[in-house]
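Okay, so subunit A shows up in both of these, paired with subunit B first and subunit C after.
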Partner chain A sequence: MSTFELLGMGFQNAFALSALLTIVIGLMLGVIAGALPGVSFVNAMAMALPFTYSMMPTQAMLFLGAIYVGGVFGGSISAIIINVPGTPASLPACWDGYPMTQRGEVRRALAVAIAASAIGGLTSALVLSFAAAPFATFALRFSQPEFFAATVLGLISVIAISKDRPIVSLLSLFLGMVIGTVGVDPIYGVARFTFGVPAMQSGINFVVVMIGLFAISEVIDLIATNRDLRPSKGVNVQSKVTLRDFWDVRGAIFRGSAIGSILGVIPGAGATPGAVIAYGIEKQVSPDGDKFGTGIMAGLAAPEAAKNATTGSAMVPLLTLGIPGSAATAIMLAAMMLHGVNPGPLLFLNDPTMVYTIFAAMILANILMIFAGIGVAQFFSTLMKTPPAVLGAFIILLSIIGAYGVRNNIFDVYVCIFFGFVGWGMKRIGFPTAPLVLGVILGPLAERYFMTSLANYNQDWTVFFTRPISGTILALAAVFALWSLWPVLRARYRSVVLLLADRPGR
Partner chain B sequence: MSPLRTETGGAKHRAPHMGRLLQTVLSRIALPSGILALTLILPSYMFHRPLRIRARGLGPDAWPTIFLNAIAVIAVLWIITELWGVFAEQKRKRTAFVPEQTEVYSYRKAAGGMALLLGFAWLLPNVGFAISAALFIFCWCLLGGIRNSGILLAVSVIGMITLLWVFMGLALMPLNRGVGVFDDFSVWFLRLLRIY
Partner chain C sequence: MRKLGRFAFGGVLVAGAFAMANAAIAQDYPNRPIELVVTFGPGGGADVMGRQLAQILETELGVSIPVTNVAGASGNAGLTRLRTSPADGYTVGTLISLTVASWAADIGDNTPEDFRVLAIVQSTPSFLYVAADSRFETAEQLLDYARDNPGELTVATSGYGTQDDVALITMAEQGFDMVNVPFSAPGERYTAPLGGHTDLIYEEPGDVVQFLESGEYRPLLIFSEARHPEFPDVPTSGELGLNMVYLNTFRTLAVPAATPEDVVARLEAAVVAATQTDAWQAFCAQTYTCLEPVTGEAAQQEILTFFDAIAAQLED
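For the complex of A and B:
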């Protein structure tokens, strides 16, 4: 049977009432969980796992897949409306989505985000359907040095995010990476920077840091400025959503979808580096790149498309090799194993019906996500009519519950509040917080890949450069860094030349 | 780099005296200097107990040390950049010292908010989520300018019950019940709400 015939059969199964209902319920749960800061769709998937015991294996995969698709988008709803990313991957949505909300363009921002996410996800689902095997063959060549190189590429994108302030951004990133080292180290099992506090041995969780830096600090600012979150009462022509808006960001959506689809295949890369890299590249190529961070639609569309474009492609190594590339796909792997399904190349031969039903369901889920996203966003928008003080109190409580829920540990609540104060201070002095969060998220990954690479390759650090794929990725990272820094270096050089030329006696 | 920026100034600021210049320099290098000091202090606190591992190759201190050193280098670069910035502004006679932020900002309210958060963090394990959440919502709304006692009570009680239902009832999260008499109260209240 050809791919089209298999996909047709998959659609037939996915359009069955029970399957359709499973997808819709999963999507709604995912979008809501993703939109709630700290709850996260991964937690929702983990909580949903026991409910899949009574389902058929295919239905269980559809349910978890729908939560995954909805959850990856859902984080952007809270990022756009209240400047609190529901998931780490939604961080870039705060940078240009929230400024649009502040201008009263919340409908426009949400419409662009939903459309970009749906198109990105759809692209990725098509990639999953038609290019699964070749993509998996490429990812099979990856070892620890390649994973390290991919993580470095993600970290380098920080320079692109804040190219006008590279020194401070790098400082913030490295501070985040040091915070990421708190706790027991991944190789030797030695506790670092715990200061004798037992609770610190399990490390500083990045979700807790993120909630503190973004949610708590934002709410403190909210009460100090007495800001009104409601859109201005006057008729805002710009807030109307037109087809032109989507046409204007077609390039950003295309680039984001391509980046996300490629990065999603790489295990460990996932939605967060995908979204951040897409944002960095879009900042470079967009004519409005220097205005990014002030509410530019391309800056919202590209990462939105990229992060959802990782959902389908992240399932490529899972289904063809049984390698989960992220926490979400690890839960899906667990579900498959619970149901006695062994993912791998043989799955395509033994049960193509299941494989192509999953593919069809992923395509369907990304289309239905538009309606689920609109539904949840409508409900979320009513929050903006609430007095800021009431909204602030509930954001803090939800954030603290989210922080507590990560490990059911009161220590995480204290850490969250501490980083809330730190984030407030950083905001007041103009110190970027986003690189710090990226450092906390990607730092531990980079360390593990770096140390295991050296351990596996006889402490030979040249392995990162001599292995073809790793070397290529690192070269790309270097080019990307230079490309991002070039305008700053040129401007600095000119200012120094002008200053020296201004000296008396010359 | 600094929160305080210099702009093209008026005539009265054209010749800053040394005190003003020193103040400018200190305000600009204070943060990077603090970070630099931190990178010098932190390595001695990396391990709580003496390290007894004979690592082949890089040890457990390698990764944090790399980044602490990187932070130190960047902090020095930042200090140099700030000093260079002050020097450049002196050359261009751009000395008007104005804060970047022009919005009305109540630091008193921000401090009040932080105090409330600290209070909540202290209350949570002692009196439990139900009472601490209701108190927190009440106080936060009061700080935010809501004065209608009916609204304050309704928002606090209904909000707290909703949160309890969603997280303890539906999501089965073991939120804190407090200690002693507060634990008894929490159990009674959760039974009243049919959560337990």
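For the complex of A and C:
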């Protein structure tokens, strides 16, 4: 049977009432969990796992897949409305989404985010359906040096997203990388920076840091400044959403979708680096690049498309090779194993119906997500009418539950509250917080990839440059860094020249 | 005075109720949900084992058994939680070989004496595999090459200071020096030989079933005293003249050491009964981990033996 016939069969199954209901319920749960600050889609999927025991294997996968798709989007709702990212991948949605809300254009921001996410997700679901096999071969060629190079690209993009203060951003990034080293190291199993406290051996989880830095600190700021989260101008009536808006950001959506689809196959933290790199690249490419951070639609659309575009491609290695690249796909793997299904190349031969039903469902889920997204977003918009005190209490409560829920560890709650105060202090002195979170996420990955690369290639560090894919990515990273730094360097150069010219006696 | 009398009477009642409740614990046990602490994140071998067992134990014990994942510090975060929970049988945890190995490297604040192993429910020897297109057809070819080219072949393992590492060090001591390439993320480890990034992979068969069934992995040799019934053609390390300490990967359920005897007995019986069910047999067959569950003193001893073997290797 051809791919089209198989996919047709898959759609028939996915449109069955029970399957459709499963997808819709999963989507709603995912979007809500994603939108709640602190409760990530990984939590939601782990909580949903026991409910899948009684389902058929395919239905279980549809349920978890829908939560995944919905959850990756949902994080942006709270990012746009209250400046608190629901999941780490929604960090960039704060940068241009929230300023739009402050201008009263919340509806426009949400509409662009939903459309971009859906198109990104759809692109990636189509890649999964039609190009899973070549993509899997591509993924196999990636080894540790390539993963390291891709992580470096993610770290470098911090320079691109920093407005005009690359040094301060780098400082923040390095601080995050140091925080990321706390705990038992993944290679030698040595405890680092634990100060003899056993609880510290589990390390500092990046989700916990993020909840503290963004959610808790926002509430502290709310209390300290007695300010109102509601936009000063109210919801602008003129912010009607037009088709023109979507057409204007088509390039951003296209680039974001491509970046996300490719980065999604890399194990580790696919969605977050995908979104950040897409934002950084868009900032360089877009004619409005220098205005990014003030509420530019392209700056919202690109990372939104990218993060949802990682959902389909993250499932490529899972379904074709049986390799989970992320926490979300690991949970899907567990669900399959508990049903006695082993994903991998044989699954395509033994049970193509199941595989293509999952493909069809991923396509369908991304389309249905538009409606689920609008529904939940409308509900969340009412939050903006809530008095700040009530909203603050609500965020604190969810944050603490979320911090605990990451690993069911009470220590994480203390860490989260600590980072709440740290984040508030950083914001007060104008020290950027986003690079720190990226450092905590990407630092440990970079270290692990670096160490394993060296072990694998005879302790020879030149492999990073001599292997073609790795070398290309690193060269890209270097170009990217210079390109982003160029305006700053030029300004510095000019001021030095001026300074010298001004010297008396010359 | 009357008030005081009533208060005293109430106190006696409450105390009596507590005493009765205490006496009733063992008889009624279990009468409320039992928390199963899985000491690793969702999706791993310990998690799948724990969830499968929890599902079966719910019918055996007649109470619900919610699973909580407490990951971190090679499983020690969850074990610390288990150790500090009341020793009343209402908190059970997973204890696996990887965590025991981490104790030898001074990770965590737990010791083998802190826990009472209910049963070793899964145990499996490991193999060395090559990818389907590897130049090595037999174990002899592999060993000859490793002897003639020390430090050239690379093996994907789960890390340093693990049973994988000990096996490779023991082989190196006997003249077969291969490089340990640590991959702590299982997915990356499985990909390494497939993408041609390492020559071999050291792994238990249950974790790579999909690659064995599809023929993408070929097992070359097994680290075990006897051949594996499912892989009768794969020679053992002993047959090839290697002198190894056999360190199986194992997974157990454990409770805090102070848990009352009768509660332990009840749980132990339930776990053993659970492993006899069709559901469990199908699961362990799928993951090549079936064994007669080891309980009591024998289980405790097996953990100590494993711990000592790793510790001895790390001292060198």
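Some points to look at:
FYI, the second predicted complex is superposed on the first by the 497 of 506 C-alpha atoms of A that agree within 3 Å, B and C clash if a C-alpha of one lies under 4 Å from a C-alpha of the other, contacts with A are read in each partner's own complex, and residues count from 1 in each chain.
Note that in this section a residue touches a chain if its C-beta (ideal position, glycine included) is under 8 Å from a C-beta of that chain, and two chains touch if they have at least 3 such contacts.
These figures come from a predicted structure and were not determined experimentally.
Bringing the complexes onto one copy of subunit A puts subunit B beside subunit C with no clash. Judged by the touch definition given at the top, the superposed model places A:P317 against subunit C, while subunit B stays out of reach.
If you stand at the C-alpha centre of subunit A, subunit B and subunit C are 90 degrees apart, rounded to the nearest 10. Within the superposed three-chain model, A:N408 lies in touch with subunit B and with subunit C [touch as defined at top].
By the touch criterion stated above, A:V390 is placed in contact with subunit B alone, subunit C being left untouched. Contact with both subunit B and subunit C is seen for A:Y188 once the two complexes are overlaid on the shared chain.
Of the two partner chains, both subunit B and subunit C are touched by A:M451. When the two structures are aligned on the shared chain, A:Y356 is found in touch with neither subunit B nor subunit C. By the document's definition of touching, of the two partners only subunit B reaches A:I417; subunit C does not.
In the superposition on chain A, A:Y279 contacts neither subunit B nor subunit C. Within the superposed three-chain model, A:L333 lies in touch with subunit C and out of touch with subunit B [touch as defined at top].
With the two structures overlaid on their shared chain A, subunit B and subunit C come no closer than 9 Å at the level of C-alpha atoms.
On subunit A, the surface touched by subunit B in one complex and the surface touched by subunit C in the other have residues 187-188, 190-191, 408, 451, 455 in common. Residue ranges on subunit C touching subunit A, taken from their complex, read 41-44, 47-48, 51-52, 55, 66-74, 76-77, 80-81, 102, 105-109, 154, 159-161, 179-188, 190-192, 194-195, 197-198, 209-211, 213-214, 216, 282-283, 286. Across the interface of their complex, subunit A is touched by residues 1-3, 31-32, 35, 42, 45-48, 51, 53, 55-64, 67-68, 70-71, 74-75, 77-78, 81, 88, 91-92, 100-101, 103-107, 109-110, 112-114, 117-118, 120-121, 124-125, 133, 136-137, 140-141, 143-146, 155, 159, 163, 167, 171, 173-176 of subunit B. Residues 47, 165, 167-168, 170-171, 174-175, 177-178, 181, 185, 187-188, 190-196, 216, 219-221, 223-226, 387-390, 392-394, 396-398, 400-401, 404-405, 408, 410, 413-414, 417, 420-421, 424, 428-431, 443, 447, 450-451, 454-455, 459, 495, 499, 502 of subunit A are the ones touching subunit B in the complex. Touching subunit C in their complex are the following residues of subunit A: 45-46, 49-50, 53, 139-144, 147, 183-184, 186-191, 198-199, 201-203, 267-268, 317, 321-325, 327, 330-334, 337-338, 340, 342-347, 407-409, 448, 451-452, 455-456, 458.
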